[in-house]
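Shown below is the structure under consideration.
Note that the chains take the letters A, B, C and D in the order they are written out, and that residue 1 is the start of every chain.
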Amino acid sequence: MTINFRSDNESPAADAILSALQEANSGPAHAYADDDWSLQLNARFSELFGTETTVIPLSTGTAANSIALAAVTPPWGAVYCQRNAHVYTDESGAPEFYGNGLRLVPVEGDDGLIDRNAMMGLIRANTGHGVHSYAPSAVSLTQSTERGTVYTPEQIAAITGEAKKLGMATHMDGARFANAVASLDCHPADVTWKAGVEMLSFGASKNGCMAAEALLLFDHHDLRETAERLRKRSGHLLSKMRYVSAQLLAYIADGLWLELAANANRQAARFAFAVGAHPEARLEFPVEANEVFVSWSEDGFRQLEAAGIEFLMWPERDNLARFVFSHNTTDAETATLCKALEPHVGAA
Amino acid sequence: MTINFRSDNESPAADAILSALQEANSGPAHAYADDDWSLQLNARFSELFGTETTVIPLSTGTAANSIALAAVTPPWGAVYCQRNAHVYTDESGAPEFYGNGLRLVPVEGDDGLIDRNAMMGLIRANTGHGVHSYAPSAVSLTQSTERGTVYTPEQIAAITGEAKKLGMATHMDGARFANAVASLDCHPADVTWKAGVEMLSFGASKNGCMAAEALLLFDHHDLRETAERLRKRSGHLLSKMRYVSAQLLAYIADGLWLELAANANRQAARFAFAVGAHPEARLEFPVEANEVFVSWSEDGFRQLEAAGIEFLMWPERDNLARFVFSHNTTDAETATLCKALEPHVGAA
Amino acid sequence: MTINFRSDNESPAADAILSALQEANSGPAHAYADDDWSLQLNARFSELFGTETTVIPLSTGTAANSIALAAVTPPWGAVYCQRNAHVYTDESGAPEFYGNGLRLVPVEGDDGLIDRNAMMGLIRANTGHGVHSYAPSAVSLTQSTERGTVYTPEQIAAITGEAKKLGMATHMDGARFANAVASLDCHPADVTWKAGVEMLSFGASKNGCMAAEALLLFDHHDLRETAERLRKRSGHLLSKMRYVSAQLLAYIADGLWLELAANANRQAARFAFAVGAHPEARLEFPVEANEVFVSWSEDGFRQLEAAGIEFLMWPERDNLARFVFSHNTTDAETATLCKALEPHVGAA
Amino acid sequence: MTINFRSDNESPAADAILSALQEANSGPAHAYADDDWSLQLNARFSELFGTETTVIPLSTGTAANSIALAAVTPPWGAVYCQRNAHVYTDESGAPEFYGNGLRLVPVEGDDGLIDRNAMMGLIRANTGHGVHSYAPSAVSLTQSTERGTVYTPEQIAAITGEAKKLGMATHMDGARFANAVASLDCHPADVTWKAGVEMLSFGASKNGCMAAEALLLFDHHDLRETAERLRKRSGHLLSKMRYVSAQLLAYIADGLWLELAANANRQAARFAFAVGAHPEARLEFPVEANEVFVSWSEDGFRQLEAAGIEFLMWPERDNLARFVFSHNTTDAETATLCKALEPHVGAA
């Protein structure tokens, strides 16, 4: 029997999500997002965010990110993102595909966060030479980041503010948005439209859904047509969209999304505390959401594996591993993990 | 209370499919199609088709069609399809998008079928001028067709045979493949690889699934890598792919797919019989699967609407309507439809 | 010794063009179309056309056509053109490439001309289904046509008028524009902006230049930025653009372009007269510019070849040949051709 | 009266090139690179390089670079180049356009040279995660570099060797290839195919031609078809290609190309010597070809401008300027420049 801390992508769906699917599965419903569930999305998300919100339901975050970036960036435009951003390192060039060859420019920064000065330096270097240069078109932030850290509202506003001065669009990849909001214990508006974010890839699959994501527009609602064209043209307009929308509605109803994320964060924090107290293992990055990166010895990691703990070694350098906590991780599972970490428990 | 004959896209999922989702929703599973369900697909579909079959699970038919065509066609290549084919008229250019500007060439033909001579004439006209011309790269047939008709194995072989002589790849859009196989009462191999079809978009969503399709490769298994790259890059590699694969496995287990399709076909046939016996209404195309196109008067169609019948007027010309029968259409619903058709029932 | 009637593409440059190159070849000049020659283009072409004209110098007509169409058509848009249009049959999909997968829709019509009703029928068939359909975005006419015929101002206005009602952009492929204007003996404005044409691919290479074409914008001058981006991004922004612009300036100075075209047309007319008087050979299309399509017997064409006449057999059907007359075709050459046509001159 | 050191792109064509155009301008010639000049290219360049060479004549270096990289890189492939490479910073994304969204990865390195370790680190970081990662597909070196430095044969071989071990293709952007060969005083083979370079963008426009470049294939001659398709589809297959090919033939005949480059290099060296001896001005990079980057004071640069010297300020940082020497730069012009540099000459 093993316990899986490999990825929240590997968790099952929450019961409430399955029940929502079951309820949605009755009788006919208009196809192509013209059903009763999909037609409620704008109203429900507008309530949630406290501002008019246009919702484009989708089944993957890669589609949401790519549609967002392609909608605001010409083929000769550049999108600035952190070097470790999912759009840059894990989507096999989906933004470039949707964006007909747009360019992603990787920006340095500690702990998965974009360094504002580094971004401004790159923007200056790559523009100003007329048609020979790329046009700086958008910035994309990841919240929570690929390092398990979280931007504060002020940090977000500082970056989006610079971007807006240059006429650039602003996007947030929120594959783990719930974890960030739960961590900050803030209103979702505080880290999105109130902080200058115009478009949000709202993730739900990792945090308890089966396959449900959405592109949210807080601004530029006129991008809807372009986004819908891109969704259709990329094969993401599901005929039976009701099943995605029903997941999304159940996910944000009664605070379910934050409850699920809070559990994942709490379990991560417990493990982080254990690592912090460990004589050898070390936290690689601040633990602010549901991901914990640990530096340890090869023997140490073998000891965990021997205890039935599953996790991923991180390829950037030797002896770095990632542990991800999910909406359904139990106290018992985390306790087992923490216990396995203890010295002298015995190696393989 | 209305009865919906608008589209099989508007039907709910079959109970067995929901149960399969529920069963799959237990414990962790590796992400990105590396789960126990997805890893069974090749074996189960190979059994079903009686030949080695590579399966790429997907959530829409547009994605399956586009990945298939893009995998075998260079940007300067042409794909020949019937003028009414979904890839040509209903996908907003998805094949061109995935194929980096490949060209779809519409071929004339009666009843939704490709006319072989018309196809050969267009191939000749558009090639032979070196780099100035398009390279004829693939043919795509739709089975059952957009007109509700069905190709016989011989008709398929005749077209794929010509294509293969020219070094072209062969693809079948099987959005309603089950309806065709149920109609012909043949082995699925007979209208696919045995008839020269190398790639099949195997549809399941319309016939009882929620969102489950697959690209099947019977040949050129080396296309798998390209297909998987295109799936990832287009955002169609679901992290929790188990939920698509579980649907597909349940769909083809114990002949469920053919059972569901047979019901739809049977209901369509009953309605076709009623139309055939009607003094004014007329069948526009032979009824060989689950779609029935009816020519009638404006007053006639109003009479149906008044009886609570929902259907779609077909835009090509006046007074043409389409009725689609689904896996869950009941005898009672079809009986109500047939009754509403009868003369003197009274208008709205 | 042979005489070449294969294509005006095979003719050398006119002396005045070479002289212009020589004059331009003195001292340094700013690169990338910021030189004294390029900076004169807008003024000179505005004078020529009698309206404000934005000029984008280029070295091929394919680039001009593709940039024009891509600038006004989204990837999910359709461009309507005659079935024999160069953009459809001879550019290996360049418009689709520049336009990120836009669709060209071939329209039927006699003698190389777009049939307005056929175009409207196709527009209706391919639109109106929301994001599932293509958006009708542009119409492209060829003047003179690929059949050697010429649209009258009224014929052009009728087609552009329909297009504009639908919000479509209008483009003219003027690879042989000079031949059309010389033939109609009209002002160049009469068949362009006054007849509703917003963008013109102004051809010069075939009619006496080495490699000089231009995209002219009579309207939507704001497209200039997009067009210049596409020019750069496709590698068509020559560093030493002065040599293209110098050709263009010399070409339109003092009516040279019309003089050269008039000679080509006159020679074509002489040959057309001879064919018309011939007992067996037959003109396939009206001869209105510098191309003559002749139907004859295989023996007949052999007789011409034996007399040293070079021409191209046309692949659409047996025993059809094309003869093209150039800016430098001499009376003596045409006389030799006409003489070779005469019966009983002797076979191979 | 001013003297232009802004760019070799601003120089006129050499007399021998104009004469070649004049000679080529006689009588008809087959179109689309099927003329007598174009058909000689393979033989002449094979002699020059001492190995079988396939030549694709083109009119810009951007087209040559983009066609080369797109021919060997799938849309999900990555091309590694130096951060200052023209393909990365000055082509508005042409490689991404031709390559359907391929990715260029900027590699650090001093003096415009790729740092091999930096490249290997980036390759490792961006690959190995299956379809989620980019496939490392090609490396592109610039010779001479954008900093005016030159790779030795050993430096080239070290980088191409690593690339080949990983199955990557190797490309050289030789916009200033002649300057590099003249500088190294080596055989052109030594820094190309003998050093592991498979494809060369052979530049000629900057060094005495009007608009003449070529993509050379030393290996993978089967890429010719793809390259020719890309040339056609991008609008770079000139109908009257003889005029490009005639320039290329004249350029490499009798060592003209190296003679012209040697003059440019010699003038650059003289100026570099003067800068080196100057009390304040400083050479920013080693001067190994025909470009000289100078750090000085704002007042210093004003002093040069006052003396009629034209040059470009370099945007990366304050008070950095570039001086480029051309095939036709005279001793007198360079002497004037050196004199203007001298202290106490007096400010504007």
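The criterion applied here is as follows: a residue touches a chain if its C-beta (ideal position, glycine included) is under 8 Å from a C-beta of that chain, and two chains touch if they have at least 3 such contacts.
As the structure is a prediction and not an experimental result, all values here were calculated from the model.
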Task: Could you tell me the least number of steps, going only between chains that touch, from chain A to chain C?
output: 1
Query: Based on the averaged CA atom positions, which chain is farthest from chain C?
result: A
Message: Can you compute the centre-to-centre distance for chain A and chain D, using the mean CA position of each chain? Integer Å is fine.
response: 42
Statement: Distance in whole angstrom between the CA centres of chain A and chain B is 34
- prompt: Which residue numbers or ranges of chain A touch two or more of the other chains?
  reply: 32, 75-76, 91-93, 97, 100, 131-132, 229, 232-233, 237
Task: Spell out the residues on chain A that touch chain D in their complex, using ranges where they run on.
output: 75-76, 89-93, 96-97, 99-104, 124-126, 128-129, 131-134, 315-316
Message: Could you list, by residue number, the parts of chain A that touch chain C in their complex?
response: 32, 74-76, 100, 131-132, 228-229, 231-233, 237
Field: Complex contacts: residues of chain B adjacent to chain A
entry: 4, 6-7, 9-13, 18, 21-22, 25-32, 58-63, 66, 91-94, 97, 205-206, 210-211, 229, 232-240, 243-244
